[in-house]
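Have a look at the structure below before the remarks.
In order of appearance the chains are A, B, C and D, and numbering begins at 1 in each one.
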Amino acid sequence: MTYTPTPQLVLSTSKWFNTPQSFTLSELRGKVVVLFAFQMLCPGCVTRSIPQAIKMHEILSKSEVAVVGIHTVFEHHSVMTEDALEVFIHEYRILFPVAADKPSLESDIPQTMQALNLQGTPSIIVLDRQGHIRLNHFGHVDDLLIGSVIGSLLAEPVTQ
Amino acid sequence: MTYTPTPQLVLSTSKWFNTPQSFTLSELRGKVVVLFAFQMLCPGCVTRSIPQAIKMHEILSKSEVAVVGIHTVFEHHSVMTEDALEVFIHEYRILFPVAADKPSLESDIPQTMQALNLQGTPSIIVLDRQGHIRLNHFGHVDDLLIGSVIGSLLAEPVTQ
Amino acid sequence: MTYTPTPQLVLSTSKWFNTPQSFTLSELRGKVVVLFAFQMLCPGCVTRSIPQAIKMHEILSKSEVAVVGIHTVFEHHSVMTEDALEVFIHEYRILFPVAADKPSLESDIPQTMQALNLQGTPSIIVLDRQGHIRLNHFGHVDDLLIGSVIGSLLAEPVTQ
Amino acid sequence: MTYTPTPQLVLSTSKWFNTPQSFTLSELRGKVVVLFAFQMLCPGCVTRSIPQAIKMHEILSKSEVAVVGIHTVFEHHSVMTEDALEVFIHEYRILFPVAADKPSLESDIPQTMQALNLQGTPSIIVLDRQGHIRLNHFGHVDDLLIGSVIGSLLAEPVTQ
């Protein structure tokens, strides 16, 4: 598989949960990173993606794979607030870091969602150990398939 | 089966969704009524009870069985607002009537939740054709079991 | 609901499992009887109907509802033998009575399957407390729906 | 990950299904091979492993991953015959190659099952592109986990 190297992704976030301090994706260099872009009032996110993310965080090695949620609100902004997200994270027993995407001043689409050119939620984005985007998929990805993508990237050496 | 007749239940509601006008349970006299008490940020409600209510509304006869949701917020009131509920109902494609339980002035427990003495969410309450409560259960009830309860009540004559 | 009374069903069986002695459906008079017609090499039977029958046997009152399996082999007779059925019943932890339908001399369709005019497997047949057939359905029936059918029949009085 | 190279596995088979001619694992050199050891009357095999194998065969690249079933009968030999297996494969719509493990003369455990030292069914065995065993697991393996194992092996170069 060849691919076009992508520029490093910078998350624009307004608030972090489940982490003692905010971090950048470059600090995760060396790990495979799986970003779950979701909205808390998106049924497909809640019934399929969040459970997949929770399972991934539970069963894959935390020293090798970083699972990160990003709450990319592009509709119904007034009710999917950071306060509501905090309750959601607590009630669904989400233990991995979750960032609230930073709202845009000119658009309903928040900044990281724009940077990633996401088409909606749920979306799943996978970065290799160098921080390059290797998968950017709108919709749910079957466990078997996303597992094989992650496994392939885990097998790549950490080159400088 | 014998049972202690219960007084008629009066829903205290602050807002109705999916119905042209508010109604009282006494207007449903003659039907078996299944009340689903839920909170939109309760995982058990969202992943099990709401899908059961949607299926019940789809496959059982609407002239015989009335499915009614009641949003009984007893925690995190500031984020489970009526505006948020409206989005939730839309996103989850809920088509049956849903009432927002009326907040209490003295307690976090809203009024209908108090009247029904509910222990939490999800709860399922089944009323017979006379409007008497015949089941009041905290937690999910298996489809087979709730189906048999409804079937039994459907077979009872509508006496005056 | 009105219905045409059906003649009493007589099971033609060649062997019984999970019962100290063979019995006739008339001995179950007074109970609602749910017959599950299946073949052990029918995927729909194994993945949907048998689990439903096991759950029904577990959670509904055994003094009110009798769950009975009937192995109606109409194809691949040489491999779906009574010996194989015995292993199947053991491995799948089936605890309710199961009868092997009696082979026909003139046809691939066994005798009870003919008497019930079944179209294939799985089929579910429900008898009321008087022993009359009230449902005869080819294919799986959702738990909620079959539950409501059983509940309705349970509510009927046992008339003589 | 380091591992002890294992000797090449030779399947001892008495009959093949879904393949124009029998083949050896060495002919699959260059592919990652996933062996599903099952018995047709083992509930865990039928409800979890066979569906996983079918999905794996459907969604992973057939030029990269070979899915192979092996029917390792170690109990109830008289009813889990090759004739019964043929019906099972047909009814469950299994399209990948399946081998019947070769019975042993001295033991109930068939030959390949002995060679692989399997503890029971279902078991899943994964071979790398060189034909070495890299996973040998008794019981079901979650899709996400087995996917990541396969992905990692796919990323390994095909060395001579």
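Note that a residue touches a chain if its C-beta (ideal position, glycine included) is under 8 Å from a C-beta of that chain, and two chains touch if they have at least 3 such contacts.
What you see is a predicted model, and the numbers here were worked out from it, not measured in a lab.
The pairing of chain B with chain C is characterised as same-residue: of all residue numbers used at this interface, over half are used by both copies.
Centroid distances built from C-alpha atoms place C farthest away from chain A.
Mean C-alpha positions place chain B and chain D at a centre distance of 50 Å. In this assembly, the C-alpha centroid of chain C lies 36 Å from the C-alpha centroid of chain D.
Residue numbers of chain C whose C-beta contacts span two or more other chains: none are found. Contact topology of the protein chains: cyclic, one closed ring where each chain has exactly two touching partners. On chain C, the positions that touch chain B within their shared complex are 52, 55-56, 59-60, 142-156. Partner chain B is touched in their complex by these residues of chain A: 41-43, 46-47, 76, 78-81, 83-84, 87-88, 91-93.
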